[in-house]
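Listed after this line are the structures, all set down as structure tokens.
You will see two complexes here that share subunit A, one where it goes with subunit B and one where it goes with subunit C.
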Partner chain A sequence: MPLSPDEASRFAVLLESNAESLAARWSELAGAGLRGRLSGAELLRQTRDLRTAFQQALAAGAADVNDEAAAELRAQLSELSSNRARQGFSATETAISVFALKEATLQVLGDADDAATLRDYVAFSAFVDRAALFTFDSYVRVREALISDQAEQLLELSTPVVKLWEGVVAVPLVGTLDSARAQVVMERLLQTLVDTGSPYAIIDITGVPAVDTQVAQHILKTVVAARLMGADCIISGIRPQIAQTIVALGIEFGDIATKASLADALRYVLGKTGKRPVR
Partner chain B sequence: MERVPVLKIGEILLVSIQIDMEDQVALQLQEDLAERIVATGVRGVIIDISALDIVDSFVGRTLATIASVSRVLDAETVVVGMRPAVAITLVELGLSLPGIRTALNVDLGIAMLARQDEDIDLLGYEDDTDQVAETTP
Partner chain C sequence: MNDDVQRLPVVTDQDVVRVRQLVRTVAVAVKLSLVDQTKLVTAASELARNTLVYGGGGEAEVSRVHNDRRAGIRIVFADQGPGIADLDLALTDGYTTGGGLGLGLSGARRLVDEFEIETEPGKGTTITVVKWCR
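So, the complex of A and B:
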């Protein structure tokens, strides 16, 4: 049930007149769940800011968190939740920072036990609940943004194509290969082949923890695509267990050269190009 | 109808496809090439497809036919300059263009032809494996 205009103004006055005691009690309650990960002074500053935002929103006659009048409050809440999300606080710990306002307000109300005050308090409590839900929503949004950013960074950093020798490039694969990563690796490798004019590419899978049929499929596709473009691919870094799995799964690498180590692969390529490495 | 020019350079025929490969164009190229190989007696054909955005199954098959025809006429065909996007699409379609030899660019294509045809000096290309710098650790 939305807050009526005079309920809102009554609570605005209440928040204003008990500003200090409310903020102190609020930060105490919110701090209990945080187990000292945020300093008392920092928390007090945050609750003071939040209290001011709540008070101003109510004074402007906000009946709901999504009202025009509560825009500043919403900004404060989303800033709080995004900070908490980045600092690694849990969703509960973040939501409690807002919910604690209810308990703090109840204490300020003292032992008024008439029905009118109670009705006011229930309406106010619903208002705070919606504010906390809003906080929770923005917390989740920030978390999701963080995760997708990290996934993107992972994609960027994990697929370098390095030049090993004149006309030989290598892709050291690290981590599990899913379709998205395999696509990035394939595109980057093929583009590098064109850019450098290297007729040989070595795909090193030392850092790939497991090879299943899907991963093998991705690697095979890359090799065939490179062949179509006129470059030869060698697969290296096959660990003993991986070799066992490959055979057990019945994966056929056909006439694609496979070597145990990157050094073997490089020696093989240099042998093919007629350059003889000195041991 | 547009035609793809066939250039003779040394002992090689060079075909650089700069227009969209419609079916008629591909078939015309196949005929032109066969005639030029017989007329010039070259030992190698290089087809540059670096300007092609799309290689469909028909073009792929035509390239394979060209390779087979020229092999009958004692000339090796090398398809060069396939774009990564084209290669990926062909792989996704399951076309691996069997019987077609490929190289990354015209330079490597000429070197490839020179390597297998050592008795004939194409373009004055020497086999470069002998003069490669000593590789030191």
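So, the complex of A and C:
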């Protein structure tokens, strides 16, 4: 049930008049679950800020965390959860930091045992619950953002196109080649061919654990696209087990030159261009 | 006799990678040769992708099997998808309805020692493959 304006203002006063003892007890309770991974002073500062935000939201008549009056509180909670998410705390540990306010408030309420106080407390408790859920949600959002950032970074990291020699570029593929990565590889390779004016490209698959029909199809498409641009592609890094698997699968690379190692591929290209590597 | 049955859902592209990793782990554990590991992992990759793309998602079950002479791995791929209407055609090299190379199903059959397929239009498809240690 939402907090009535009366209840909200009563709790605002309660949070105000017991500011210090409440923040101290709150940070003590929250700290128990964090097992010393956050310094006491840091935690106390956070709970003081949160207490102020809670008090201001209640004083402004917020009946729910999503109210206009609780905007500042939401900002504080978001900041708390994004910090905790980045510091590696779990979602539960983060939510408990907010839930601890309930227990701290109960102690401040003292020995009052009338029905009105109980009703007040239940309403207030629901308010804190929603605040904790809000924290949980923003925690998950931050974590998801982190994961998608990392996935993007990985995509960028794992597909370099390097210049091996004058007129020869190479793409060392490492890991699983799914459609998204194949697309990035193709784009990068074609762009590099244009930028460097290279007539030869070597696709090295030493780091690809298994070549199935999907991977082969992606590689074949890349080779065809490079050919359309006038560049010759060589596939290197075909290990014995991969060669046998490709034969059993029935994949044909047609007239595309394939080599066992990157060195063989480079030697082959240099031989074709008439350059001889100096040993 | 079999033990250590492990089940994995096959619902996203990531699941195909997971199936592949699990098969590789088990293949190493039963001491398959490197060539056979690669063959089995590749076959699993093809069949898992078929389960996902054509079967609309399903499940993979990886187990270690033994007969009196040797150990091996059995993988069962099951989906509740549309099934395969013409099995002979589906097993023909180069035949595809999905824009691939048309070698996944037929190629996977050549990569394993035992290959069994149960399918009926409208009732889904179950494919069982076994690879034995040499």
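One rule holds for everything that comes next: the second predicted complex is superposed on the first by the 273 of 279 C-alpha atoms of A that agree within 3 Å, B and C clash if a C-alpha of one lies under 4 Å from a C-alpha of the other, contacts with A are read in each partner's own complex, and residues count from 1 in each chain.
As a working rule, contacts are C-beta pairs under 8 Å (C-beta built on N, C-alpha and C of every residue); 3 or more make two chains touch, one makes a residue touch a chain.
Predicted model, so just to flag it, every value in this text is computed and none were measured.
In the superposition on chain A, A:G197 makes contact with subunit B only, while subunit C stays out of contact range. In the superposed model, A:Q241 lies in contact with subunit C only, and not with subunit B.
Looking at the shared chain after the overlay, A:D212 reaches subunit C, while subunit B stays out of its contact range.
By the document's definition of touching, neither partner reaches A:L101: not subunit B, not subunit C. After superposition on the shared chain, subunit A has more residues touched by B, the comparison being subunit B against subunit C. Contacts of A:V224 after superposition on the shared chain: subunit B is touched, whereas subunit C is not.
Overlaid on A, the two complexes show subunit B and subunit C touching no common residue of subunit A. Contacts from subunit C toward subunit A in the complex involve residues 13, 17, 20, 24, 34-35, 37-39, 41-42, 45-46, 49, 93, 100-101, 103-104, 106-108, 110-111. Interface of subunit A with subunit B (complex): residues 186-187, 190-191, 193-194, 197-199, 221, 224-231, 270, 273-279. Listing the residues of subunit B that touch subunit A in their complex gives 78-80, 82-84, 86-88, 90-92, 96-97, 101-105, 107-109, 129-130, 132, 135-137.
Note for the complex: subunit A touches subunit C at residues 176, 178-179, 209-214, 216-217, 240-242, 244-245, 248-251.
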